[in-house]
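Think of it as A, B, C and D in the order they're written, each chain with its own count starting at 1.
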Amino acid sequence: MRKLIEGFQNFRTSAFPDYARRFQWLAEVGQNPRAAVVACCDSRVDPQMIFSAGPGDLFIIRNVANLIPPYHPNSDYHGTSAAIEFAVRQLRVADIVVMGHTNCGGVKALLSQGELDGDFIGAWMSIAASLHGVGDQAEAERQVVRLTIANLMTFPWIRAAVDAGGLRLHGCLFDVAEADLLLLNQDTGEFKSVRQGVEVPL
Amino acid sequence: MRKLIEGFQNFRTSAFPDYARRFQWLAEVGQNPRAAVVACCDSRVDPQMIFSAGPGDLFIIRNVANLIPPYHPNSDYHGTSAAIEFAVRQLRVADIVVMGHTNCGGVKALLSQGELDGDFIGAWMSIAASLHGVGDQAEAERQVVRLTIANLMTFPWIRAAVDAGGLRLHGCLFDVAEADLLLLNQDTGEFKSVRQGVEVPL
Amino acid sequence: MRKLIEGFQNFRTSAFPDYARRFQWLAEVGQNPRAAVVACCDSRVDPQMIFSAGPGDLFIIRNVANLIPPYHPNSDYHGTSAAIEFAVRQLRVADIVVMGHTNCGGVKALLSQGELDGDFIGAWMSIAASLHGVGDQAEAERQVVRLTIANLMTFPWIRAAVDAGGLRLHGCLFDVAEADLLLLNQDTGEFKSVRQGVEVPL
Amino acid sequence: MRKLIEGFQNFRTSAFPDYARRFQWLAEVGQNPRAAVVACCDSRVDPQMIFSAGPGDLFIIRNVANLIPPYHPNSDYHGTSAAIEFAVRQLRVADIVVMGHTNCGGVKALLSQGELDGDFIGAWMSIAASLHGVGDQAEAERQVVRLTIANLMTFPWIRAAVDAGGLRLHGCLFDVAEADLLLLNQDTGEFKSVRQGVEVPL
């Protein structure tokens, strides 16, 4: 914790001065982010850093393996579904970006099975139970992104917003070793590095 | 999305060169973060920025209002509990930092009631149902941090690790307007700005 | 041995009660030390005592004169290199502390030559053969610490981890007569007592 | 490192005052420990703590899995054999205590195979290759202690000293979960807790 506090002191003297007014203004008028990002808790894949975003830009949901469960409301505590609901229905974000990543410990354990039993992890990763047959980790990590987008579309108010043109869903993959970003082409299902020049809807 | 891809290009030319080796190495050997942070999805409170952390440093869980449900394993999809389990039992983090923040939309709606029904948000925020009586938003935001720490202690493997001295829980609050960090003194329950010099256990 | 067993009985009634839970927990979940210490076998320089550390805190390698051979893998029994490999690649320690000490019998014999032939000691101390010309024992003891750090950097997975910012190497010297600790400044090569207030990276 | 330095400051104000004179005296006249201990680097099994020993009492060798290779002098760097030679021929210790421990990561990996390849660990653990057939970890940990004692007896100056009555070898096992000490009866090969009252030669 002491190191984190020193990190905070460092933030105050380095990045903060550029953002001082923005923080004040954001506190006064509230947040109004344009996009939500669904990413993994993994310490190597920070969305705000990877997208060079600043305070107020991105509503960020982070859980194990960037999964979204299928729509299934009940009285239980669904933190991820609640967060996506807050982003879509309260904040009215225009884009949801699902960002997977390579070397994902959750996906790796899912493929090797057994390791993920635990009290909660096994049940959580069972969202992606269909990946057991995939075998190849790189392909499984891509499949998780496609699956999360498909699950998002099971939420009726997401489907309605997408159909109405008020919300777009995007998939991408962060390659940790190369620090590269691969964008999902939802027509072909393929991922391609954005450094090779991909066409992107505005 | 195009703006995010431009942000990524900017990341490649600005922050990336300093971290190129670290990304490669982290991809090779896997992540080994020392601390987990439980924070809000709110676009104004990015833990990696606030703590000046880098790739590999922090395992970050972000949900609405930085809540942790009480320990209650079943076959349902508990994304937050799964993430905290991954941090504690797989990664063996030494510290968990719960970071609340001011101007929290989730807490605000909880206090004003009604707004948070939805399909999932109402159930999710009911974790903090005991705050209805608090009234004052600033006090409620502090109470959420204390509640999350209390709920963390209902997980048997967290309590065992804390009792054994192998894990420490910390609470803090990010003041958006001032971009200040207030640390929770768990003995007195009070929050105090770290800029006034607080004593912190290593 | 009877004296040692009495010492153990004494440990059971004095230090043990404070650590009972920690021992149980550490047995259950395994060790996860944050730092490795390379120290001398000398009976006067116990790292756990000097650093007020407890069970689970420090992975401790002790050999004659706190030496590390240069990287040279073959089929022979390299106990010290194996230990440092276990610390870095299995346990992923974040810090390696090389702790030399004053009045070191190994260094003394190296400087006076002849005494250290033996079956193994002569060959072992030849790691520090470059110190023959140093003459002054106090300076030679400091030089051993610098040499060990340099040899650690010949291990490719140590160099990679250091370059990536995931591992830090530190040098220090324990002054037996004063029970003082001197920290190596790796930029200047100088040792300075920590009681005079040195700047230390977290 | 900063935490270690704070630990040192703590040592100065807590344990040091009791030992100030002893450190001065030990620096002046040199060490003269009565026993050597061969223990594991594992962070949970600190011999000085377990035996309530103080500065100057124990010459401590720590490597992975408390192994001693069989006697085999050549020009290579044999750190462990050099340390045991220093203890026996220079310091003339009267006792050598081999202390194994439960939950040993080295032994566990040896039994499960594969995990210990690495550059050095595989070769080092091959000292105990005969344990592959043992299967049971608890029995393998006991067998390592017996093996190390047997290997010590392959050193001609150890055998000679033992035969002359000038040196005794002892085996014991530290149970991490219970913080218990089990003593090896070298006649029967059995280990028995010292808390049940064992007969010990002086």
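One rule holds in what follows: contacts are C-beta pairs under 8 Å (C-beta built on N, C-alpha and C of every residue); 3 or more make two chains touch, one makes a residue touch a chain.
Bear in mind the structure is a predicted one, so any value in this text is a computation, not a measurement.
Enquirer: Could you run down the chains that neighbour subunit A and subunit C together?
Expert: Both-contact set = B.
Enquirer: Report back the single chain whose CA centre is most distant from the CA centre of subunit B.
Expert: D
Enquirer: Hey, how far is the Cα centre of subunit B from the one of subunit D, in Å?
Expert: 43
Enquirer: How many angstrom lie between the centres of subunit C and subunit D, each centre taken as the mean Cα position?
Expert: So the centroids are 16 Å from each other.
Enquirer: Go ahead and note the Å separation of the Cα centroids belonging to subunit B and subunit C.
Expert: A distance of 37 Å separates the two centres.
Enquirer: Using mean C-alpha positions as chain centres, tell me how far subunit A is from subunit D in Å, no decimals.
Expert: Going by mean C-alpha positions, subunit A sits 50 Å from subunit D.
Enquirer: Residues of subunit B that touch two or more other chains: which are they?
Expert: 24, 26, 28, 56, 89, 202
Enquirer: Please give the residue numbers of subunit A that touch subunit B in the complex, ascending.
Expert: Those residues of subunit A that touch subunit B are 1-2, 4-5, 7-12, 14-16, 19-20, 23-24, 26-28, 30-31, 33, 35-36, 41-44, 46, 48-53, 55-64, 67, 69, 71, 73-83, 85-87, 89-90, 95, 97, 102-103, 105-106, 118-121, 123-127, 168, 170, 176-179, 181, 183, 194-195, 198, 200-202.
Enquirer: Which subunit B residues qualify as touching subunit C in the complex?
Expert: Per the stated touch rule, the residues are 21-22, 24-26, 28-29, 32, 34, 54, 56, 89, 92, 94, 160-161, 163-166.
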